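Letters A, B, C and D mark the chains as written, and numbering starts fresh at 1 in each.
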Amino acid sequence: MASTFGQLFRITTWGESHGGGVGVVVDGCPPRLRLTEADIQPDLDRRRPGQSKIVSPRRESDTVQILSGTFGGRTLGTPICLWVKNEDARPEAYAEMKTKFRPSHADFTYFAKYGVRNWQGGGRASARETVGRVAAGAIAKKILRESHGVEVLACVKQVQRLIARVNPDRVKLKDIESNIVRCPDQAAAEKMIRLIEKMRRTGDTVGGIVEGIARGVPAGWGEPVFDKLEADLAKAMLSLPASKAFEIGSGFSGITLTGREHNDPFRAKQGQVFTTTNFSGGIQGGISNGQTIFFRVAFKPVATVMHEQDTVDVQFHNTTLKGRGRHDPCVLPRAVPMVEAMTALVLVDHAFRHKAQCG
Amino acid sequence: MASTFGQLFRITTWGESHGGGVGVVVDGCPPRLRLTEADIQPDLDRRRPGQSKIVSPRRESDTVQILSGTFGGRTLGTPICLWVKNEDARPEAYAEMKTKFRPSHADFTYFAKYGVRNWQGGGRASARETVGRVAAGAIAKKILRESHGVEVLACVKQVQRLIARVNPDRVKLKDIESNIVRCPDQAAAEKMIRLIEKMRRTGDTVGGIVEGIARGVPAGWGEPVFDKLEADLAKAMLSLPASKAFEIGSGFSGITLTGREHNDPFRAKQGQVFTTTNFSGGIQGGISNGQTIFFRVAFKPVATVMHEQDTVDVQFHNTTLKGRGRHDPCVLPRAVPMVEAMTALVLVDHAFRHKAQCG
Amino acid sequence: MASTFGQLFRITTWGESHGGGVGVVVDGCPPRLRLTEADIQPDLDRRRPGQSKIVSPRRESDTVQILSGTFGGRTLGTPICLWVKNEDARPEAYAEMKTKFRPSHADFTYFAKYGVRNWQGGGRASARETVGRVAAGAIAKKILRESHGVEVLACVKQVQRLIARVNPDRVKLKDIESNIVRCPDQAAAEKMIRLIEKMRRTGDTVGGIVEGIARGVPAGWGEPVFDKLEADLAKAMLSLPASKAFEIGSGFSGITLTGREHNDPFRAKQGQVFTTTNFSGGIQGGISNGQTIFFRVAFKPVATVMHEQDTVDVQFHNTTLKGRGRHDPCVLPRAVPMVEAMTALVLVDHAFRHKAQCG
Amino acid sequence: MASTFGQLFRITTWGESHGGGVGVVVDGCPPRLRLTEADIQPDLDRRRPGQSKIVSPRRESDTVQILSGTFGGRTLGTPICLWVKNEDARPEAYAEMKTKFRPSHADFTYFAKYGVRNWQGGGRASARETVGRVAAGAIAKKILRESHGVEVLACVKQVQRLIARVNPDRVKLKDIESNIVRCPDQAAAEKMIRLIEKMRRTGDTVGGIVEGIARGVPAGWGEPVFDKLEADLAKAMLSLPASKAFEIGSGFSGITLTGREHNDPFRAKQGQVFTTTNFSGGIQGGISNGQTIFFRVAFKPVATVMHEQDTVDVQFHNTTLKGRGRHDPCVLPRAVPMVEAMTALVLVDHAFRHKAQCG
């Protein structure tokens, strides 16, 4: 269904941006994994609004509570329910949305589909829904790290036309986390931050690209045909709010090369096979080949702007709407932990699927 | 699992490029739909190798047989098994692959995963697997057309650096089918054909972009959160052999705009809501908004080239390999019906899901 | 996965008998259904321990909270998370279970599977897990009643050797609810209550049979082959704690008849087809035929008895164990709402599946 | 969907009793398993009509063909498509069914559901659909035997009122296969055969009970909550044509015991835990406990009898119908391999699920 992701490490998120809270049920987690809220909270803090001057100022502590599935600090193998209460609801800020659809938000399409919507916020279309994903992703990352030696990273690669240099084979978490935009190229990061601040001041918004990286994935994860590793990554990324595009390895730019140029030659050294280039992005025929997996995800500029824009009301009459109060000039810094989480969820699911059939 | 796609209109493909044949089981098709082989064969003919001088010359008639699920020319509501025999197997052409992994093919990753592979061809990684998808897609397109008034199209948008002009709102099937490269911009098409022919002559290959289009989709199809319409489309497209990237609406280029510029203003006319721009590509928050859905898929240059390339053998020793005999200089003309099929499969599945919950 | 049930009306339960609470996420509920806690609480009260002198005396108010999925008293079409806090945990009552496996409980098998268990109660094997099922079932029953005119009932048919007369076509909810054992045959009910009270006094337990009934199901729900309506009902019932058997219609006793005797003749009256007998139990070939659906589920005697019994400890040494404190002499009165809930969940799922494919 | 069974070892059957044939796609089979048609044919021969004087005389060789998924006599890890052609179609024998619904068959319910049916036989409701299950089950049994040391058996336990003695811990395949009714109690078998022959002569039919057995299942397979091992077995069995009931271990008769009597005491010997009785039937809390798994399935008398019976026609007018030509007096001997197959499919699926999460 709409709210469940994964086959063997399966998460079901629930909750609206306004209501009792948001959360996730994680089913299929191996037993005996050490797990407390402290394993999850740091990633939620990286996803949290209000963490810096360049992101949404909504005030939420986003404190996670484990409601089930652990005992004595270890997982039981049974469903783990994680819950984060909503705190900064402020429904009054949304009064105008009761009667008007925000352009390029999901207000209209939810209404068209369901004939009802929680107009006190974006409902399930809100970035707030990703709390559950990031929380579950923290567990997935822990499993990948501890049981498989796999490191999952993401970073901001581009903001509007500002492009960072990132080497997927070498980039380090600490360099990514060393600035508030989460871009490891410090020179680019400074320019990005300035651009985003300008957007905040002018009431406008800006988009960009997040690069996702997985290092240490052994050859053999993924499935032929429909559940190719890159297909599941693409779905995972396009399921994130505001994402518009996905490319793996050479991606769109690979089409400017011929086959001779684009093929990744295999070489062997001490019984290990590797490729001397990595246009494939670490996946061939849907299955990991042991090289670094890397891909890019485009996020559109946030739709809420502090300017009057044409729209329609719920009676389908023409009107205008202007964002008021707080706005989020750029989703990218907070999208970084979301991309990490979804990457980890895809990988751990495929790790288990591989073990089930070929282990 | 790997070989099943869809939730309610569900297909399971089977078969290797070399063996008893390839096919598909379609489960969840509505009853009483008129259906004979004649509804399916035309799309298989568009997918077929050997259809023109610019595609793979493998000789297969790809004649489809309905093995189950119909009676008296109508569907029974039970699983429809479609089968296409393999004819032009020529295992001798693959003798060298027995001991060597072709670069940027799935030979190595299949071996790494399964410890065994059918070296007489690409196995499940072969484009031949898409026979089942295209056959099932023909049924999905028929349902969309007859029950929902939805038209699904695809065309070649770019070959290497040659870019065609395509208007997703107006492009017609007959213009797409009027040339062998399936590009509706006739001037661009001619250049594309010349480029591909050159590649064929030089034993090299070239990639490009297919644009997928769906017109007439009502507002309300798709799901919030994980099974967003664009997420399922992204997965569907990245599951096609040789695809490397997906973007919907403004895609990667949308990030150069600010939020003010990128938002699609709503307008209403005679009780109908529409947007005056379509950067969203017809989907907002995972749900169709009634505008034309359009997206682009990048296909890398075909990996088999007629030139010696570095690789390793099955004992993990360095060696070289050179493609011999026939080669496919460009997958794009045949990718067009594949993109159509996958688009139709995603849409019909979401149409049924929408009906089940909100109908 | 283990904790998810249903395809289109899909529930995921979570929570242990001891921990933060128990709950359920309901995905796929239609939008705009009126729904508040008051629609759910009555069935939880019927499932609650401590409701009468013949059931488990554990003290829990089992107050349900809707955490998501509704707005203004109506469903949004998005996941509904329901939560019931654990109140009467008393881990000290379970101290002995830390080191010993209770006979015919799931203590040993959970340990064998997971290598860890929450010994402060039965974990997920506890009847407490059914809180989520009953809560979700209340929603399913409401949909069936309001949108399809289907009535779902269950009642106690047999306690040990005491057999009640029940007419599935006519039995009424108020007659079932008129006594604490939930048996509509008042004479039998009195004897059953006396027997259960005796068991309580002697520290022993007793099992029996619950009959499940669905009236008003139209012909056509259910699927051929694997997801036959009776197959899904059988799975649903055998998934309830302590259940050991399922039979539909004539069930085991039908095998004493010959085909001539057992066949249900069709008759027609004013364009309506019906059968003059109902050995089929309302389902033929996996699909409802419009007659009353009825089936029986056997529940074993509760495993916790107040007598010393042989068992092993967690070091796999022989020992003995004696239940202490409170015990539940008979699960049947509380199993009635569980059977109703699971029946309703199966039916509403099939109603939606039918609508999706054939609607 | 209706036609797919299993999560990780997943089968999809297709085909009607009349049409191009019947078959199955097996997805999730481990790679490198030795597999040829010779591994599958023997079980199909045990399922085949015409194998003895007491079963359906329909003449079909039921020769299986592997269309995909193997190479050089070993599985590739990709979908295995198995196909059996229909040979003895004889649509003329079904002419009367074109206009009349057979009592207690699925003719009416299929028509009510789909508005169309293949009246030349039972379509998907025919026992012929089980060809695919038995073929897939042969693969599952091979995996269980070779990789897990698990033996799956089934035998006829009861025909009408004739009850056989069967010891689930000791019964041997050769004793089961030593007579045409597949009952290991030779004295009972003779009486059963005589009864079935009498039914054949008198144009009537008889039902009974098949016992399913799995020995050597390690403790730990199965899932808590919904996908309990017994729940999946119950579903599997109730999905077989003509089955009406399922009970595991003590089943319905267990309710005559009190908890003290019914509990299975644990004992340990040389570090091995076992139970001294097995009322649980080898499963506790949904998870195997290492003891023999055994259960019983009731099959109703076959609905086709050679006597005139009341029914309705497709215009919903009252009429009568009399079976003509060949009839199947008892499904039990052929149900034995079906029960084995479904048991094996459930077990291998749970073996893989266990490995994926806890392996």
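Criterion: a residue touches a chain if its C-beta (ideal position, glycine included) is under 8 Å from a C-beta of that chain, and two chains touch if they have at least 3 such contacts.
Here the structure is a predicted model, which means the values were calculated and not measured.
Looking at the partners of subunit B and subunit C together, the chains they share are A, D. Between A-C and A-B, more contacting C-beta pairs join the chains of A-B.
Separating the centre of subunit A from that of subunit D, both taken as means of CA atoms, is a distance of 46 Å.
Taking each chain's centre as the average of its CA atoms, subunit A and subunit B sit 26 Å apart.
Subunit A and subunit C, compared by their mean Cα positions, are separated by 39 Å. In subunit C, the residues touching two or more other chains are 1-4, 7-8, 13, 28, 31, 77-78, 113-115, 123-124, 224, 358. Shown here, the protein chains touch in all possible pairs.
Within the complex, the subunit B residues that touch subunit C are 7-8, 28-31, 77-78, 224, 352-353, 355-359. Subunit C contributes residues 1-4, 8, 10, 12-16, 19-23, 25, 27-28, 31-32, 65-71, 74-81, 83, 113-118, 120, 123-124 to its touches with subunit A in the complex. Contact residues of subunit B toward subunit A in the complex are 1-5, 13, 101, 103-106, 108-110, 112-115, 122-125, 129, 158, 160-161, 199, 204-209, 219-228, 230-239, 241, 244-252, 254-268, 271-273, 275-276, 279-281, 283-290, 298-305, 307, 309-312, 316-318, 354, 358.
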